[in-house]
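What follows is a set of structures to go through.
What follows is a pair of complexes built around subunit A, which joins subunit B in one and subunit C in the other.
Let's turn to the complex of A and B:
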């Protein structure tokens, strides 16, 4: 019984890592319809900002996370204003080529600035070791990840389903011309949504840094995970990627525990089956 | 035009050609003799830190020993990046180095899969290949032109299993990265530990690109063995393993962690933190060793790369490999013949390497001392402290498979 609960918890925690690094993409790609392969770039920058603030300037972990988020959101904001906005109406191939080029440029720049090595991260004492809850000894860091993941999904759900901002974004995504004709400034709206997406990516990169090492190859190394979560979750909604990340996390973890021989193939088989069953994702609207 | 006149012209032409050829050959003997050495390492990607260790050691050796070369002989290092475990790319790079750059010696060979691919090529190309840190036993069997300046997993894991059985531990679980050296380590430890009376109660091979190790280690914790034999390829993955062992509570339990030296990789000890304390490993080199040759080596390293940089066993494999290459070039006075080079390399020895006395045997493997080490705190830093020595170990796998 304890084992089942522990494995379930590890699965949820792993799902949360996947969710936190992918959720920003579900905003830019899922809601705004932009095929942004460069999502990992912002996650990586968030990781670098967090680690650099901690190691060089002695900023505490949580503060470094917050500052990193703001910095990267500002970078995303600037890039949206200067580069991304020219590609909104363009074909998916153009968007893919552009964002992939951005990955290559950023990988080279980051290597130049920080060198090829993975950045060491020392978590604060309260996130190390284990926390005892009744009979269960659970890793503190994973517990924190679960907490953050839950807070992020709650916040996003509220922002997109319950606020005027969310209603406007959804309206603009569904029919941009109509939204503009009733007086919504969609250009400014998309800039804000894009900034939000990149800020979330940075949060994921910083939070996950202890598991997904921060190194220049980051955007290429984990691109598969971002895309899997968004593809399985389905475009155009906030809850889909959450459900997808949890499903992948729990089933992959259970597979590693009970059938370690199957190893890394499982996640791909899982995605294959889900996409055959529901080509538009688990929670697709249409 | 008469025939006699024609042949006169031809004679004259031949004379000119011969004279020019003589002049050129005279020039080249005066000019520097440049030996091209191709070095394939991982300079980018998540494991670039390991490649950097080897690269730095090689550069340091060249810097300190270039004046030892015979007069007029120069070495040109041509470096290529294999980006990680990528045998196809490694093979292509080796091909380009041999065909286009005309290198006379190949080295690097950081990963077993890559080294296997390069080794297969040297058989045809007849280019001596000094593989520095590939730990799979079979690499030196791929071609008569391969020797190793590093170690094999059988070398580090077979004696470890013997030692573990002697400590009275009965049950072991093996946890290894799922590629050739991991399979070697698992087989070697299992063989010696069970021969010594121990039992393997479980084993798991973890894919190289795993991000979450907890489910695998939870199983280990549930089985509750006396010891866990661990292998991973060192570098950032060693830290990821150790952090996961800590997260799951194994480092603080009664279960003992053992493994080859890769799992407490010296460069990563600061990142692992106190969770690594007490882990016992068997290996050929620790920068904390107090041999004079090592003290000098570490001092030269720190002078070159800063007080915070530590040479690891990757660096020492690169250092000794370059030493062997230099000795072979010196012995041939700068003219490299592949077969003569291999003969020299196969008998090469250094009584005074930073890791103690070493020599290369006829199989092309490095015979060396192995040291049992424990992670302890020394002057405020974690270090692998040697506490026992197993003298002059060759590759046990070759001994078991002798026909």
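Let's turn to the complex of A and C:
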């Protein structure tokens, strides 16, 4: 029983990280129809920014997370303005190749700057050790992941469902031409959504640095997982990917624990079946 | 279409001449071991990659199916040939045919499931299909050797006459012949009505369906043929290197082969012949110092090609020729 709950908990923590990183990708893909394989780059940059600020400049963990998030959002904003927007109307193949090129460049630059080894994160004292809840001893770091993730998600869902910005995004996802004709500046909306999405990815990368290790191969290694969350969850919505991320986090963790000889086979088979059954994801809007 | 008469030679003689001219590059390449002895193993690897990229061109360039999991089929061919050899069936041609059948069957099963979808979903499915095969090969260590790769692969002499020697001469001519046969086949295929229907589906699948073309069936056939050719390339690699690496199923290889094809120019048949040697030469030169240099250079080239020069190296050449022609006419 205890084992089951612990695994469930580890899986949820993992799912939270996957969700934080991927949700921005779902929104930008739904908005712009852009196949962006390079989304993991921003999560990696968030991780490097956090680790570097902490290790080199002695910035506390939470402040480093926040600064990293802002820096990466600015990078995302700049890239959207200079490069991404020229490719919105282009073929899927062009978008795949472009974002693949971006991955390679980022991998190379990160390797040149930080070297090939993974960057260890020094967690602050209050996130080390375990917290006892009833009879369960849960690691403080993962507990914080779940709590922090839940708070960000609550804020995000509120913004998406209840604010003017969220309404505009939803309108543009549903029907871009109509949204434009009632006076929504979709071009500016794209940039804002892209910046927000990359900022969230950076947050996920920094927060999850102890789960998904920060190393140059990061965007290549985890790209499949981020894309799975988006494809299974459905494009252009933020709740489908949440369900998908939790399902994948929990089932992958459980599989690696109970059936190590199966490992990741289950997750890919599962994704394959789900996508063949529902090509537009489990919560397709149309 | 009726071609305008360009010369006084009778048509039959002309086609005989051009046919000979088209054979010329192959003969030159076949003579390479005389000029550059010692490079046979490297050249063999290049031929295998060209064949693999050619199989991808059929999908990406002609059928308009973008896949990020083509290595799954390459690896299936490699493992099929390798596993057969480890279990005592070591005739090269028998194993190659078996490997092509295994890859074609894999392509059929995945193709039926995947090709109903489009866009991101199709990309994800191709990626997931290869990732699935990779994980299975990774875990089934008894059969595949897992992460260590499949060792102990060896084959009896080709046709009972030509042994696979360490100089690599047999492997060189064997893979060159296979590439020539595959190229001739693909060339005939894309110029057949079937090939034109693939282009039609690529350009506008709704219209092709409206004029009565069974697009799902055509896409699946294209996928199966491409799978068999990818399996052939994989089997050739297993036979010429006597080893099957887990990497042969990896996303890394799926991405690289797509890049090789695109750098050369997709949908042009010759793109693979330009892109693969260029890629492999540049990788060899740049990665020697630091892999980061190679990633940086390749990434920048890829971004530059997408932004500035669609159509790859051959696309640039075509535009240059067109520009020179208009300049001379003016």
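In this text, the second predicted complex is superposed on the first by the 283 of 286 C-alpha atoms of A that agree within 3 Å, B and C clash if a C-alpha of one lies under 4 Å from a C-alpha of the other, contacts with A are read in each partner's own complex, and residues count from 1 in each chain.
By our rule, a contact is a pair of C-beta atoms (placed from the backbone, for glycine too) under 8 Å apart; a residue touches a chain by one contact, two chains touch by 3 or more.
Computed from a predicted structure; not experimentally measured.
Peer 1: One more residue to check, A:86. First (subunit B), second (subunit C), both or neither?
Peer 2: A:86: touches subunit C, not subunit B.
Peer 1: Taking the superposition as given, does A:162 touch the first partner, subunit B, the second, subunit C, both, or neither?
Peer 2: A:162 contacts neither subunit B nor subunit C.
Peer 1: Please work out whether A:7 is in contact with subunit B alone, subunit C alone, both, or neither, and reply first, second, both or neither.
Peer 2: A:7 sits against subunit B, while subunit C stays out of touch.
Peer 1: Of the two partner chains, subunit B (first) and subunit C (second), which one does A:231 touch, if any: first, second, both, or neither?
Peer 2: second
Peer 1: Taking the superposition as given, does A:128 touch the first partner, subunit B, the second, subunit C, both, or neither?
Peer 2: After superposition on chain A, A:128 lies in contact with subunit B alone.
Peer 1: Who does A:188 touch here: subunit B (first), subunit C (second), both, or neither?
Peer 2: A:188 contacts neither subunit B nor subunit C.
Peer 1: Can A:94 be said to touch subunit B (first), subunit C (second), both, or neither?
Peer 2: In the superposition, A:94 contacts subunit C only.
Peer 1: With the two structures laid over each other on chain A, which partner does A:111 touch: subunit B (first), subunit C (second), both, or neither?
Peer 2: Touch status of A:111: both partners.
Peer 1: Quick one: classify A:264 as touching subunit B (first), subunit C (second), both or neither.
Peer 2: After superposition on chain A, A:264 lies in contact with both partners, subunit B and subunit C.
Peer 1: If you lay the two complexes on top of each other, which residues of subunit A touch subunit B in one and subunit C in the other?
Peer 2: Residues common to the subunit A contacts of subunit C and of subunit B are 111, 216, 261, 263-264, listed in rising order.
Peer 1: Can you name the residues of subunit C that touch subunit A in the complex?
Peer 2: Residues 60, 66, 68, 113-114, 116-121, 123-125, 127-129, 131-132, 135-136, 138-139, 251-252, 255, 258-259, 262, 266, 290-296, 298-303, 305-307, 310 of subunit C touch subunit A in their complex.
Peer 1: Which positions of subunit A touch subunit C when the two form their complex?
Peer 2: Those residues of subunit A that touch subunit C are 29, 35, 83, 86-87, 90, 92-94, 96-98, 100-109, 111-112, 216, 220, 223-224, 227-228, 230-231, 235, 261-265, 268-269, 271-272, 275-276, 279-281.
Peer 1: Please output the residues of subunit A touching subunit B within their complex, sorted ascending.
Peer 2: Residues 3, 6-7, 10-11, 13-14, 17, 111, 116-118, 120-122, 128-130, 137, 139, 141-142, 210-213, 215-217, 221, 252-254, 256-257, 260-261, 263-264 of subunit A touch subunit B in their complex.
Peer 1: Using the touch rule from the top, collect the residues of subunit B that touch subunit A in their complex.
Peer 2: Contact set of subunit B toward subunit A: 43-46, 48-49, 52, 178, 204-207, 209-212, 214-216, 218-219, 222, 236, 240, 243, 246-249, 252, 270-271, 273.
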